[in-house]
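In the two assemblies presented below, subunit A is common to both, partnered first by subunit B and then by subunit C.
What follows is the complex of A and B.
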């Protein structure tokens, strides 16, 4: 028997170490995804006759999906939600917080804690907390605040439904953006800044020519993670608005839930989930390609 | 290094401590088990009031059946309870006995094969004979006329109005004869008191309540209308459906109904718990439970002297027929088709239909017993004003539903929401409902023609057509 080389043994060791993670991923990610796809080709339901005996319907669920205006509305709402809260809201505010807290600010620890706290609160609790903030009538917290300025009580979740959920998700996600971007900022060598200052670069030039380009891999990584996780959000929006009023906040997660557990149409719900997975994967691939280019 | 190990051990120690506390607390608060050799039956229950009733009855039930009852607590909101129950039934790990929130969910569960057929058990049970025909009908699945549930309590639903405030304002409190009369009264209230006169639940966030507590009243207002065609499809193309949506449209366009609160995540809170007690809303649909839970002395927003201040009107008809009260079989008991102890589970379900049990629940929940002979029970008088609701049972109305009720109700919620936000009128809302139901359940679940007696010719035609289709199918 040919003795194993050091490299072969090392490779075997690496594979061995990866095995538990791969097994878990296969069991809890790959298998459910494949199962969802097979379910999406049936008329399976949780209630009614189809629950006893579902049948193969081919691509009928997908046909129905692509002609369903509510699905397209839901996809549009999801994209606005993701861009508004993850790509713009959380990123801009998280980056600003990270940049600010890099400076010698007084009471830095307190600011850090204030920013990080929302991330420590469970999604549903955040939802209920903001329901109380946005509550209509004179007892809503926000209405009490605006009343000081003479503004009449508003129906926040009715008048600005999508904006309201974008604000809440932004509030909740700033901490993650800040932590990740702070780690990115810390990895930029200080010598670069010193050299730039010696050469007479202004703060603005330093930001655009050094900080931002050096941060691009971290920014793309953040965008990738936050886009995919925001795409999958459910509890927060469900608690706040349940997708209403008039489907204006019905993100894909809620649409899938409504189809699967309100209308109890598992096959159709699975078809939406499959499409949602494909969209997420496409976005992921886009980011990964961008990351590869930049790294 | 030591520091790192200590830090790593900290969460492990915390988990062990939590586990120890959990096991030490397990079993506390549960009633003592009578005899560990007795078979165990698992029963699902939810909501504090229902759990209290069941825990009170537990020793009696255990003694009479010779079993141990294990009560499994489920989420409180009916929709969440139902979803969890359905997922467990599908997974095969549901309790032996459970209740079904509304009669219109029975068909869907029975068609899915989750419920044991109780037809013979019920026919042999004396309690069944003392139920009004309407209640018996609602315990059967419409697609095969077999009984799957044991009715125990019934919700009697009507219009509740502020008698004190209307009398004070000199506005008539006489029973409205028909829709026009109700609308005229509402306009008068709006004009004289400047408050919202009427609430009929609607919208997406009210969920199935938009149908059960709202749209259903309006459909039942047509004396000849049935939700199902003779061939067991949803009669959603009927002119009555568009007219019912039009009623909403009138309320919304004339600002006779508060719209903004209905678009909130918990739409019942502001109109029912705040506006009605404050007199900012004068009339609302509600059930016998409202005087206990919503505005009773123990509620969060009590109305002083509620029995006198708040009184009821039966719901006026759309076509000049007699006003009516609606009846729904709520929380009827069912047996898991895959129960490992089917005989005991059936016995328990029947026992849950006993008058002792029904009265214990009815008193706590503000419903009335399903059986008419409950009126002779010594504890019946404890129901107080609700005894009058019980007397309405033999004349009450109901609309039977069939498989796909959840989707139909979701469609109603969506269509009424579109009316609320001014997107559509009655006819437009009917189209939305038709589209949704056809989309979700398939075209063949919606009847092709009208069945309402508002259009006798159409009704006769539909019935003839239904018979033809049945013959063809045979």
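What follows is the complex of A and C.
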């Protein structure tokens, strides 16, 4: 059945053009996301009897989940990781860089490039580089650095595992915060600053009364994007610690992987995935509503 | 690298040298933090006695790079990565170009809901998908195997075809999943760029007797070129740096991409060749850094997925 009018044919053409992209996203993202819900109600497994013939177990996976200390541990670790690296680490250093680069300093392009460099490094290489930084023994790079301040050599990834991955992710994400916040800063009208100066405002007053309030929409956008992307991290932490030692860096993504493909419990892994999906979808819906995204 | 930083709004009121000095100290400290992990990899890659520890080499050598580029597995990992990520990037560009154009031009009722839905699809965390996607891939893989083994009896040809078109432990699966994961952002970018091209151009071309294809080829694609550059660079950087998908879907050593090959070589705790691995890390990182240098200027326009904050 071919549409007849010119306009109808054009609309038909648009739908046709959308199709390949929609099919791929449906097959590999939307359908699997929905499928996770039904898998989470089964005892599906990678090995053994349940792998051949999985059966419906109702909410048993969720009952187990909410009483599993490892799951709560994973949620806690994820929360600390997101707050420590995205909300605090990247934001503070990124904002500091953005503000400082607004001042009349030389070599801006070079500082800019240096701060951007970590952002381009592939996940596996990030892990590789930082394992060397954190290497234990007196020849480890970080140990040599802290030795200047009289600190004994540490086993960083064992003694401070969560702090270590927070530092690594902060390192990786300063650039993102800096670039986004710089674009926010440059959209603040300059007359505001000039007027404030004429009225005799100090730098500190200008920051708290003008810059920060004017930056709120950008800061909100940054917080949303960085929370969502940090929540989805896997490779960066997995290559560094694989969730260890003793589950201390087992963020949600790694917990899903370990439960599903190390402990072979696909149904249970899917239940954890459902929690993760629900959290990120709630964030997404809140965001779309709050920003009234322009289309 | 292009600097986005505009001239300072505060330069009328520099509160003297002290503020200036404080600015430099801040920038130098942050830069040192950013650079610190790179010293080791850059030195060790040229150090004949490379180890896990940072040291100044006694002499410099290119042996590790030579070794890597003549070593069969090193070359294979690079080729696998290039083929898989390259194909995924090209597919992303084609599908996002079509989809972004349609979404920009259509006035249908589904336009707005679809654009919101694409934002939501974009923030689905990949680790949450691994279990169901694994099941989907296994099913597709079963079909594909049935199809290929039915197609030919030639064992060698079968092996080659299986390698290329398998969903699990093959090229096609990774290519398609990377394409799917990069599409939401790419579509938003393309839609935003097509929005900026006035419809009049197309209509003028049509009035001059250009066919639909000619309009596309000579008017739309050239005008949307920056959009394609941005979408392609981001798709490439994201997929190139990913570690999760090869970990999930590759088992044969011949099909390993750079991140997985590196990871597995690094796991052999008793026999880690640091010279080989650091050289590999340098080669693996370089394309991403170059792509990022070009992508940098598009970053502010596109992070929110075309979302204006």
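As a convention for this text, the second predicted complex is superposed on the first by the 245 of 295 C-alpha atoms of A that agree within 3 Å, B and C clash if a C-alpha of one lies under 4 Å from a C-alpha of the other, contacts with A are read in each partner's own complex, and residues count from 1 in each chain.
We adopt the following convention: a contact is a pair of C-beta atoms (placed from the backbone, for glycine too) under 8 Å apart; a residue touches a chain by one contact, two chains touch by 3 or more.
A quick note: this is a predicted structure, and the numbers were derived from the prediction, not measured.
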item	value
First (subunit B), second (subunit C), both or neither touched by A:171	second
First, second, both or neither for A:64, with subunit B first and subunit C second	first
Which of subunit B and subunit C A:247 touches, first, second, both or neither	first
Partner chain(s) touched by A:20 [first = subunit B, second = subunit C, both, neither]	second
Partner chain(s) touched by A:190 [first = subunit B, second = subunit C, both, neither]	second
Which of subunit B and subunit C A:239 touches, first, second, both or neither	both
Partner chain(s) touched by A:258 [first = subunit B, second = subunit C, both, neither]	first
Subunit A residues touched by each partner, larger count belonging to subunit B or subunit C	C
Contact residues common to both interfaces of subunit A (with subunit B and with subunit C)	131, 135, 137, 239, 261
Complex contact set, residues of subunit A against subunit C	11, 13-15, 17-18, 20-22, 24-25, 27-33, 35-36, 39, 44, 93, 96-97, 100-105, 108-109, 111-125, 128-133, 135, 137, 139-141, 144, 171, 174, 176, 179-180, 182-183, 186, 188, 190, 193-194, 197, 203, 217-218, 220-221, 225, 228, 231-232, 234-235, 238-239, 252-254, 256-257, 260-261, 266, 269-270, 273-274, 276-277, 280-281, 283-285, 287-288, 291, 293-295
Subunit A-touching residues of subunit C, taken from the complex the two chains share	1-15, 19-20, 23-24, 26-27, 30-31, 33-41, 52-55, 94-96, 98-99, 101-103, 105-106, 108, 111-112, 114-116, 118-121, 123-136, 176-177, 179-181, 183-184, 187, 237, 240-244, 247-248, 258-259, 262-263, 266, 277, 281, 284-285, 288-289, 291-293, 296, 299-300, 303-304, 307-309
Residue ranges of subunit A in contact with subunit B within the complex	45-49, 51-52, 64, 68, 131, 135-137, 155, 157-158, 239-247, 258, 261-265, 268
Partner subunit A, residues of subunit B touching it in the complex	79, 83, 86-87, 90, 108-109, 111-114, 203-205, 207, 260-261, 263-266, 270, 274, 403-404, 406-407, 410, 414, 417-418, 420-421, 423, 439-440
